[in-house]
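Order as written gives the chain letters A, B, C and D; numbering starts at 1 within each chain.
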Amino acid sequence: MIRSFSAFWHSDFGWKFRHSPTAILSALVTLLLVGAAIAAPLIAPFDPFNSASLNLMNGFSAPMTPNAFTGQVFLLGADDQGRDVFSTILYGLRVSLFVGVSAVLFAMVLGVTLGLIAGYVGGRVDGFIMRVADIQLTFPAILVAMLIFGIAKGIIAPQYRDQMAIWVLIIAIGLSDWVPFARVVRGATMVEKNRDYVQAARLIGRKPVAIMVLHILPNVLNPILVIATISLALAIIAEATLSFLGVGAPPTQPSLGTLIRIGQTFLFSGEWWILLFPAATLLALALAVNSLGDWLRDALNPRLK
Amino acid sequence: MKRSLFLSTAIAVLSWGAATQAETLRWALAGDALTLDPHAQNEGVTIMLQSQMMEPLVSRAPTGELEATLATEWAVKADDPNVWVFKLREGVTFHDGATFDSEDVVFSMDRARSEASQMKGIIASVAEVRATGPYEVEIVTNGPNPILPAALTSIMMLDKGWTEANNAVTVQNVAAGEVTFSSTNVNGTGPYTLVSREADARTVMRAFDGYWGKDTFPLAYSEIIFTPIQNASTRVAALLSGELDFIQDVPVQDIDRVKGTAGLKVESSSENRSVFFGLNVSDTLVAGNIDGKNPLADVRVRQAINMTINRDAIRDVVMRGQSVPAGIIMPPFVNGWTEELNAYPAPDNEAAKALLAEAGYPNGFPITLDCPNDRYINDEAICQATVGMLGQIGIQARLNATSKALFFPQVNAMETDFYMLGWGVPSYDSEYIFNFLYHTRDESYGSWNSTRYSNAELDAQIKAIAAEVDLPKRDAMIAQMWETAKNDLAYIPIHHQMLNWAMKDGLTVTVDPDNQARVKYFALN
Amino acid sequence: MTPPPVLSVRNLVVAIPSRAGISRPVNGISYDIAPGEILGVVGESGAGKSMAGNAIIGLLDRPAHIASGEVWLNGNRIDNLPPDDLRRIRGRQIGMVFQDPLTSLNPLLQIGDQLTETIREHLPMSAAQARDRAVAALEEVGIPAAAERLNSYPHEFSGGMRQRVVIALALCAEPSLVIADEPTTALDVSVQAQIIALLRRLCRDRGTAVMLVTHDMGVIAEAADRVAVMYAGRLAELGPVRSVIHAPRHPYADGLMGAMPSLSIGQRRLRQIPGAMPRPSRIPPGCAFNPRCPRAADKCRVDPPPTLADDPQGRAACWFPMEHPA
Amino acid sequence: MLAFLIRRLFQSVVVLLVVGAVSFGMFRFIGDPVNNMLGQERTQADIADLRERLGLDRSVFVQYAVFLRNAAQGDFGVSYRQGRPVADIIAERAPATLELAAVSGVMALVFGIGLGVITAIKRDSLVSSTIMTLSLVGVSLPTFLIGILLIYVLSVQLEWLPSFGRGETVRVGGWTTGFLTQSGLVALILPAITLGLYQMTLIMRIVRSEMLEVLRQDYIRFARARGLRERSINFRHALKNTLVPVITVTGLQMGSIIAFSIITETVFQWPGMGLLFINAVQFVDIPVMAAYLMLISVLFVSINLVVDLLYFAIDPRLSIERVKA
């Protein structure tokens, strides 16, 4: 671990990283937020998911101001349900990041697999997969996600919906995001397919797929990493937008998007902290991940020195 | 002032709007009318918009009393308790100039009772409507109906000649894919005529010169521009920025902001609507029994839930003071309501836990609370708060908040054990509540009773009060029935909603408990 | 009396600052090219030949820049001109031909448009006049049915034909100097000779000076009048083609000639120069060639090599130039 | 070419049918319109009766078949909510959405390409990095929040711009336009910015990275070496070569603009098709939802087709064979 870090630090890539304030800053912010999300149960002063510990009377407490009824003080205030905003943000980050990362992983696995199949098999299968990709691209993520959400709501029994909502979100967002992965992998596969070693493997009767995967994946690792980073930011925003349309994470298990949806209703009434802090967190997260993705794309692209 | 030319033009446009507002009411709320056919939809906003342009025989004034409108007098016929006699107002003309008379009443009532009419349920007791003179009609009911006039407040009168000439005699039947002239055109007797209408966008109405009540009502506005704005923030923003004069549904959290804005004020009143939870009281839980039993079937469990809900906290925090905590699922205006009935228990988690333990659930049990998230004021937040409160006595509630489009079918299909519901009482009589919410569910009764509550004795009483003309006796029966209902706790009351209408200063408006704004009552000073 | 040179390069230094310090891919070169003369610039890749060409025409990519030295064109100094004046010189007075005709032409524009655009940029002509001139330029480079081909896109030509188009583009405003940067490297062997012949014919006819940058001594032998051998940013040897090929004085030039199969006639065996050219950032002290030089002495490892002028024959920058019996 | 077009059309029809089938499969999960269509006083018998009359008791496939049969004859049914022919309602709503989409699309395209070119040419300048950073902020906030914040600042606090609606519209033939009145134009500003901001950022970023790629190409160096002016090099030579990917992305973004108009129209109460759709979803107005989704699919499929055709117009190297491959 330490050695690979040191290898990274002293590599060419590491040098570029060290000399880019943007990269360092966004990496730091990302690490900080991811760390906070992972450690949420340890650092959050309250568990907002534990309904038994809530006191509605704490509702709308201003930041750092004792509540008029209970006298409790909240660092970033309390929301409409009396939940500590700081804690809900930590837990909301957890949900947002979990949804985002899982959705991107899902999209990645789906896209890489379909890309490999399309590139390797070619012909009608390729045509079919890429046609589906075209259609998928034309259909905006929001509509796809709404569609899947609608279907899932109907299929899943009401008593399981709040637990399933997160998974439905992951699938909905992931499913609308696989195409770039598939395109990159398909291109690489088509190049690799005609290489000698693949032909040779085929001649001696070995299944070349496994070998190809081993050869192709390292080649496309960089673009996949870049796509994944940018998709992550997109997925986090998409989740927030779906929450606004009322098809996101449930309010009892809020994501940053849900918190913003709830918070925006208090924009005019003066309880700015319910909107501002989650929105700032989302902005920081998306901004950091986005600029990291930007930087990665430039740094990993040898032609764009 | 360093505003650019462009911006000052924008300001000019806005202030130009302000210059004409002396006569124009710019009005917004979340929903829009579904149709202009008065008998095609029994829905609040639809009726409200129509009632600016059309009128019933009897209407309910903002103060709550019945008010003579197209009928000037009404009474049960001396020799037949099954017949009501209505004397009609003379000298009333429709917007196209036609005269209003008994022929139009018979026609309109028959139309409202026809197959495709959505109003037929309200006047189901009417057997026949007959003209006994040009300005007198008799309405025959199936058995005595003491509260018929109240039922007529949402039955608008159409001109027979106009309707026939435009092939609109049959009520628009949406199910059959019908489109009728009357769904987009209006010829009523009301104070305003239709100028233009784009559904969900903009409806413009202008004062009707030939209105009979010209000297009776303030009629401060010569023009109404009605714009539905669904998004609450946008609606409030439009009011705050001076683009609107009047909005009907101010989110509770924005009331102070509106009040604090110069030139704006908020008028509040209790609404004719109670919000409550329904519980599955049958032997089996939809989600599967717990230890072979349905805990909710045990009245002690229901009492525990009732006891743990902190209604005052919900009022103070979730509703920002804009609710009346309820001990009964009957709004305060309704015949049968008393202070005593509305008494609600002080929250007592210890007693609640004891009751749960007594019932055999010392550690609580899991349950799913189904809620709409776009129907009642802060519905989702109330449910969320309730989940928290139930958690304090060990009941592990999960929240399933969905849109009303998913929620109501689910409730109707009784695929829920624990759900939120709101109920308004247009007839202002307890019978309406018992009929729909407490009667055992069958083809025609108890159609909103998804609790599976069934009490044969109560069912018999419900049918009895519908026909009881001896009012003191009837009231006694109602009081006794509420006693039963309150003890059985099939429903757990939360609160009665409040209405908050925001408007510009200088506008004098009495908030209508049914949320039915009628511009003719609006006064400017 | 020789005519005044078209191009005069004096002590040209191109520097690239980087995190490792400043490297100088072109480090003090000087030469002249006379009208109608073809100067071959030869060397391994990385010797600085292309960089020198780019420096002359003013197309160095940042952060590379001319650190010192002078470039004179037709008696005017051009290395210190403002960008827009330099732009006016490009295409008009200096034409440039790139290595790969596949990528030198804008794929989305018809070649006629690319030609007329260049012509009208530099010459006061109407669209019709420019068109006629474009047709003439294409005919000159041997494109058949030139008038029709004006509307063709680059991808509709073969590789050799495209290079002809590129040459037509470089010459269409009649520059006095053409810098041809590896003009044949990307072409089929069969086409290479034609392109070289074409370039040579056109320049001879018009008296255009040519700086022919290549790593291919065969091309130099065929086309150039004089040759400059570059090594690690410096001129190792500069002289008439015949002399440099048959009697190289600099050991590097000698090695280079020995590595050319087409030239190793007679009893000389095909040789390879051991080692590799140092990167511009790792130039050894003394003579840059010393680690690879069979004749290197202590002096070569300490003192920078002498200038060409110091050589009795004025050709090689070497402390111990090779002597060839006449 | 013709064969290609026919193939594409055939594929498009298949897409449409699939979208239709998926939509119908979805409707039963969105809810049941009956509850919305009947008043509070409905009985269980009324519910059963209405379900039967609407054909909701039949299987999804039968409902879909009936819809297709009618749609093929140009009959999209009658809205459950408004009781008017769906075709009429959509025709009435389409201008609002199309005008908004067009304005924000043009805005996104013009500013996106312009800023993309600037940030690519002046790659390391302060202006360029400021624009890039701001653009990241633009894609890092959800659209709805940007809309609400714009309303809060520009309408409520400063009272400069209207917060909702289309302003005064003028009817030209069957088309209502907000372009001809001052209030109509002013009303367009905030929604168009909200809707176009994200697409603008996206186009800007793709133009920038494509420009950087193209500017390194030999033909750009060659163009420089021929002494062409920078402006001609940047816009005539470089920009044109970035257009294929830009058009691809832009085409796809047009689809997104239509989809995101659902959100923008909700926030700004813009009386277009997105608002219609949201209303339809809330009411379970199946005929409207079906027609909207079909229309959107037709639109998306046409955009795809137009994008393909534009490729040919822009890039002479493309042959039909290569596109098929």
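The criterion applied here is as follows: a residue touches a chain if its C-beta (ideal position, glycine included) is under 8 Å from a C-beta of that chain, and two chains touch if they have at least 3 such contacts.
Just so it is clear, the structure is predicted and the values come from calculations on it, not from any experiment.
Asker: Can you identify the chain nearest the overall CA centroid, using each chain's own CA centroid?
Answerer: Taking the mean of all protein C-alpha atoms as reference, the closest chain is D.
Asker: Farthest from chain D in C-alpha centre terms, which chain would that be?
Answerer: That would be chain C.
Asker: Identify the chain pair joined by the greatest number of C-beta pairs in contact.
Answerer: B-D
Asker: I'd like the Å distance between the centres of chain C and chain D, where a centre is the mean of that chain's Cα atoms.
Answerer: For chain C versus chain D, the centre distance works out to 54 Å.
Asker: Roughly how far is chain A from chain B, going centre to centre by Cα mean, in whole Å?
Answerer: The mean C-alpha positions of chain A and chain B differ by 44 Å.
Asker: Rounded to the nearest whole Å, what is the centre-to-centre distance of chain B and chain C, using the mean of the C-alpha atoms as each centre?
Answerer: Centres of chain B and chain C (C-alpha means) sit 89 Å apart.
Asker: Where the centres are mean C-alpha positions, what is the separation of chain A from chain D, in Å?
Answerer: Comparing mean C-alpha positions, chain D is 24 Å from chain A.
Asker: Provide the list of chain D residues touching at least two other chains, using ranges where the numbers run on.
Answerer: Answer for chain D, listing residues that touch two or more other chains: 30, 148, 152, 156.
Asker: Indicate the residues of chain A shared as contacts by at least two other chains.
Answerer: Where chain A meets two or more other chains at a single residue, that happens at 153, 264, 267-268.
Asker: What positions in chain C touch 2 or more of the other chains?
Answerer: Correct list: empty.
Asker: Throw together a list of every chain pair that touches.
Answerer: Chain pairs that touch: A-B, A-D, B-D, C-D.
Asker: Which chain D residues qualify as touching chain B in the complex?
Answerer: Listed in rising order, the residues are 30-47, 50, 53-54, 77-85, 89, 92, 96, 148, 151-152, 155-156, 159-167, 182-183, 186, 266-269, 271, 275-276, 278-279, 281-284.
Asker: How about chain B: which of its residues touch chain A in the complex?
Answerer: 232-233, 236-237, 240, 251, 253-254, 256-257, 287, 310, 313-314, 316-318, 368, 370, 373-374, 380-381, 384-385, 387-392, 394, 397-403, 406, 410, 415-416
Asker: So in the complex, the part of chain A that touches chain D is made up of which residues?
Answerer: Listed in rising order, the residues are 127, 131, 134-135, 137-143, 147, 150-155, 233-234, 237, 240-241, 244-245, 257, 260, 264, 267-268, 279, 282-283, 286-287, 290-291, 294, 297, 303-304.
Asker: Can you list the residues on chain D that touch chain A in the complex?
Answerer: Touching chain A: residues 11, 15, 22-23, 25-26, 28-30, 132-133, 136-137, 139-145, 148, 152, 156, 209, 212-213, 216, 252, 255-256, 258-260, 262-263, 296, 300-301, 303-304, 324 of chain D.
Asker: Would you pull the chain C residues touching chain D in the complex into a rising list?
Answerer: Against chain D, chain C makes touches at 57, 59, 87-92, 95-96, 98-100, 103-109, 117-118, 121-122, 153, 155, 166, 169-170, 173.
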